[in-house]
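Input: a single structure, listed below in structure tokens.
Labels run A, B and C following the written order; every chain starts at residue 1.
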Amino acid sequence: MKDGIISIENLKVQLGGASILDIPSFSISEGEFMSLIGPNGSGKSTLLLVLNCLLKPVAGVLKYRGRVVSSRDESFQYRRRVSMVFQEPLLFDTTVYRNVASGLKIRGVGREETRERVTRYLKWFNIEHLAHRSARKLSGGEAQRTSLARAFAMEPEVIFLDEPFSALDPPTRHAISDDLNSIVQETGITTVMVTHDQSEALRMSDRIAVMNSGGIVQVGVPSHVMNNPANEFVANFVGMDTILEGKVLRMQDGMATVRVDEVEIDAVGEALPGDSVYCCVRPENVVIELTNPDDLTSARNNFPAVVRDIFSVGPFLKISLDCGFAITSFVTREAFAVLDLREGMNVFVSFKATAVHLIRTNN
Amino acid sequence: MKHLNKIVFSLTALAFVAIAAFVASPASAAPKMKTIILATTTSTQDSGLLDELLPVFEKSTGYFVKTISVGSGQAMKMGEKGEADVLLVHSPDAEKKFVEEGFGVNRRLVMHNDFIILGPASDPAKIKGEKSAKEALKKIAAANALFMSRGDNSGTHALEKKLWKATGLKYEGNKWYQQTGLGMGQTLSVAAEKKGYTIADRGTYLSVKKNLGLDILVEGDASLLNIYHVIEVNPAKWPKVNAAGAKAFADFMVAKKTQAIIKTFGVKKFGAPLFFPDAGKDPKTLGL
Amino acid sequence: MDLILEGLITAFKLLMALDPEVLSITWLSLKVSGIATLISVGIGISCGMIVALTRFPGKKFVVSVVNTGMGLPPVVVGLFVTVFLWRNGPFGFLDILYTPTAIIIAQAVIATPIVMGISIAALQNLPAKMRLQILSLGATRMQMVMILVKEARLPLMAAVMAGFGGVISEVGASIMVGGNIKGYSRVLTTATVMETGKGEFATAFALSIILLLLVFIVNYLFTLIQQRERPR
């Protein structure tokens, strides 16, 4: 992943003497959907501003298609090839139509083409009917759709999104992110999104970057980052859901059977045979037994496993196991004492089909 | 909202054009040598005499006279600072000092009118017909009758103070002695409103008489004479003054033709002349 | 009461007769205050933008100076301008004391902090990230500034109205630096004071009414524009 469409090297950003960002290298490939996740204050939004050339770093370079972007004019030209959407819609005090057209107008696009594009994107974001509504009279969701339409209408090469859905209620959020997702898929546009919602990141991204204290701690495909956290921080941050990539073999009575590597997992959920899915299992729902529970429990998913790692996490102990795929379980201290678990031990893990959370992916 | 942008731009452009035009226009850029700053008193200005005389002067000489009407005190201060070219004032004692200290030259007598003591028709202090202004004031003080002073260092105020001084009485600080700090016309209105006594120049009184409600109670005393002089500011002290212009104006004020205009000024409107021309006369003949 | 009536009648008569002196005084008032307002808008909004939108040391101090300037007594301004412009002052060579130009200068000095102070507040009231959003749309510096001004147009128009209102009604400085010279630097306010001083209350009243009418008409026009801009 040498240079990608955008890359940065030795990036340092400071504010008032304090170091906000310190990233030796980072790149984004053309056409990919990259999510940036991390705790508050980790520098995600700052990084986005740097990538958009809206913030000048104290050191380091930004490269676009391999060429350095540094001078005033180069920054300006670069900014006209990309666009950004913020958490607040930041619309102008005029109609929706004019808002969506504003970026095109700034960039000097002709009248005919503007009209064509604005109409198209109003439709794509399902806000056609609001074209002549004043921006002041929009709901949160409608306003954010307008902001997105404005950014997309410019047909940028890269689009940056800074927590675009954080301020919206869940149903609105889902609706809009679905629309966004389909448009991104359709246009193949390179997308960089900062989000707090990990399932959103999971669902939409090709790669996830985890940030902490101004640095990028891990970059990789979602399942890899989630299942193979680089360190304790990432592990704790992404949550310890086991995430398994697989394909749906069949659906029956509301139950999907998913092939994950060599094994089959039963999960309750909605999917169609042939769908690519992620199966997520929360560690609390993974039960460890010393003997084969096949006959004893109602869990549909039982596998023999080997104990790999044992970590202490507050009142629990986190056990990483290998049953052909990586799986994580939480046990209480009492249970741990009873089971007398040790690394390398052979045990059985089981989890109910209802405990498996299915997420359909884009592939 | 493209229209708004256009409005903003055109307004700004208009502003610059307006400024340029304004600065370049003849009215505002009256050439240095052609402008005279005349410092005079409010009573002179308010009488309307200058409105009559100045156009004549300006037409024949081409000068543009900027009349700044303030109290005599301020007028002379302006002269002292060289901020005026010529003065037309009526505060003889202060004027003499002004000339003695070298600020003014060519002090020439122009005209006079007189002051009168006015009061309500009811005349509580019983001063009507009194021949001596000094005595009248004494009576006012004795009766604790309300007296309005201009209190603004004007020529009128200076004369009033001089009269009080002559009575030897303490007048300031008493409840019946009030100072307005206002011009003559306004002070008259206040006096009329409060039914008090006051001293005013006849010119102003005549021009506001219409609805005033104050009567002339004492007049004719020599000490009530109000004498106007024209003084040129000394160019030796202040090289920047328009000495030629000042002289031209002063010459004009004492010229025969001008004096004739002064003689008849106000007759048609008020039934009596407001000023009496005195140019060239010996001051002693006026009883000074 | 009959004074007011008399004043109204006099005002009516003067206007109907198109009394040339009254007309020229009115026109001069409008011209002088109009130009002063335009100057103050030009300086006030542009400097206001710079102060509102850039970060620099001492910014709080500058803003409080501007806010103090908003309450600057016009008479004080008049005094200072006089001292600067009189013959023996630093700008005496310009020879503009007792001219309408001097009144324009004094009024511009009075109005500029008003316009600037309100402009700063108006621009700072825009969402903090708005500037970044506009830049991300690919705007040049100039485009960004124009858009921000457009976004803040309602309060900015109020700033202009406040500036104009402050100077059209100003009298202390106008007398001091203008000299109230007949047919030359006499404006409605200074003429009103003079007539009052002469005791000519009816005329003074008439002039006041004309001034009020003038101010009302101008403000009405501005308000129409301002309120028309409100999106439905």
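Here is the rule we use: contacts are C-beta pairs under 8 Å (C-beta built on N, C-alpha and C of every residue); 3 or more make two chains touch, one makes a residue touch a chain.
What you see is a predicted model; the values in this text were computed from it and never measured.
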(message) Taking the mean of each chain's Cα atoms, which chain ends up nearest the overall Cα mean?
(response) C
(request) Using mean Cα positions as chain centres, tell me which chain lies farthest from chain C. (result) A
(request) Using mean C-alpha positions as chain centres, tell me how far chain A is from chain C in Å, no decimals. (result) 56
(request) Return the distance between the CA-based centres of chain A and chain B, expressed in whole Å. (result) 87
(message) From the mean C-alpha coordinate of chain B to that of chain C, what's the distance rounded to whole Å?
(response) 32
(message) Residues touching two or more other chains, restricted to chain C: which are they?
(response) 150
(request) Find every residue in chain B that makes contact with two or more other chains and list them. (result) 1
(message) Which positions in chain A are in touch with at least two other chains?
(response) 94
(message) So in the complex, the part of chain B that touches chain C is made up of which residues?
(response) 1, 4-5, 8, 11-12, 14-15, 18-19, 22-23, 27-28, 30, 32, 35, 37, 42, 46, 51, 66-69, 81-83, 182-186, 188-189, 204, 207-208, 212, 238, 240-241
(request) Name, in rising order, each residue of chain A that touches chain C in their complex. (result) 49, 52, 54, 76, 79-80, 82-84, 86, 88, 90, 92-95, 102-103, 106-107, 134-137, 150, 154, 160
(message) Applying the document's contact rule, which stretches of chain C touch chain A when the two form their complex?
(response) 127, 129-130, 132-140, 143, 147, 150-151, 231-232
(request) Write out the stretch or stretches of chain C touching chain B in their complex. (result) 31, 34-35, 38-39, 41-42, 86-88, 92, 95-101, 104, 146, 149-150, 153, 179-182, 184, 194, 196-201, 229
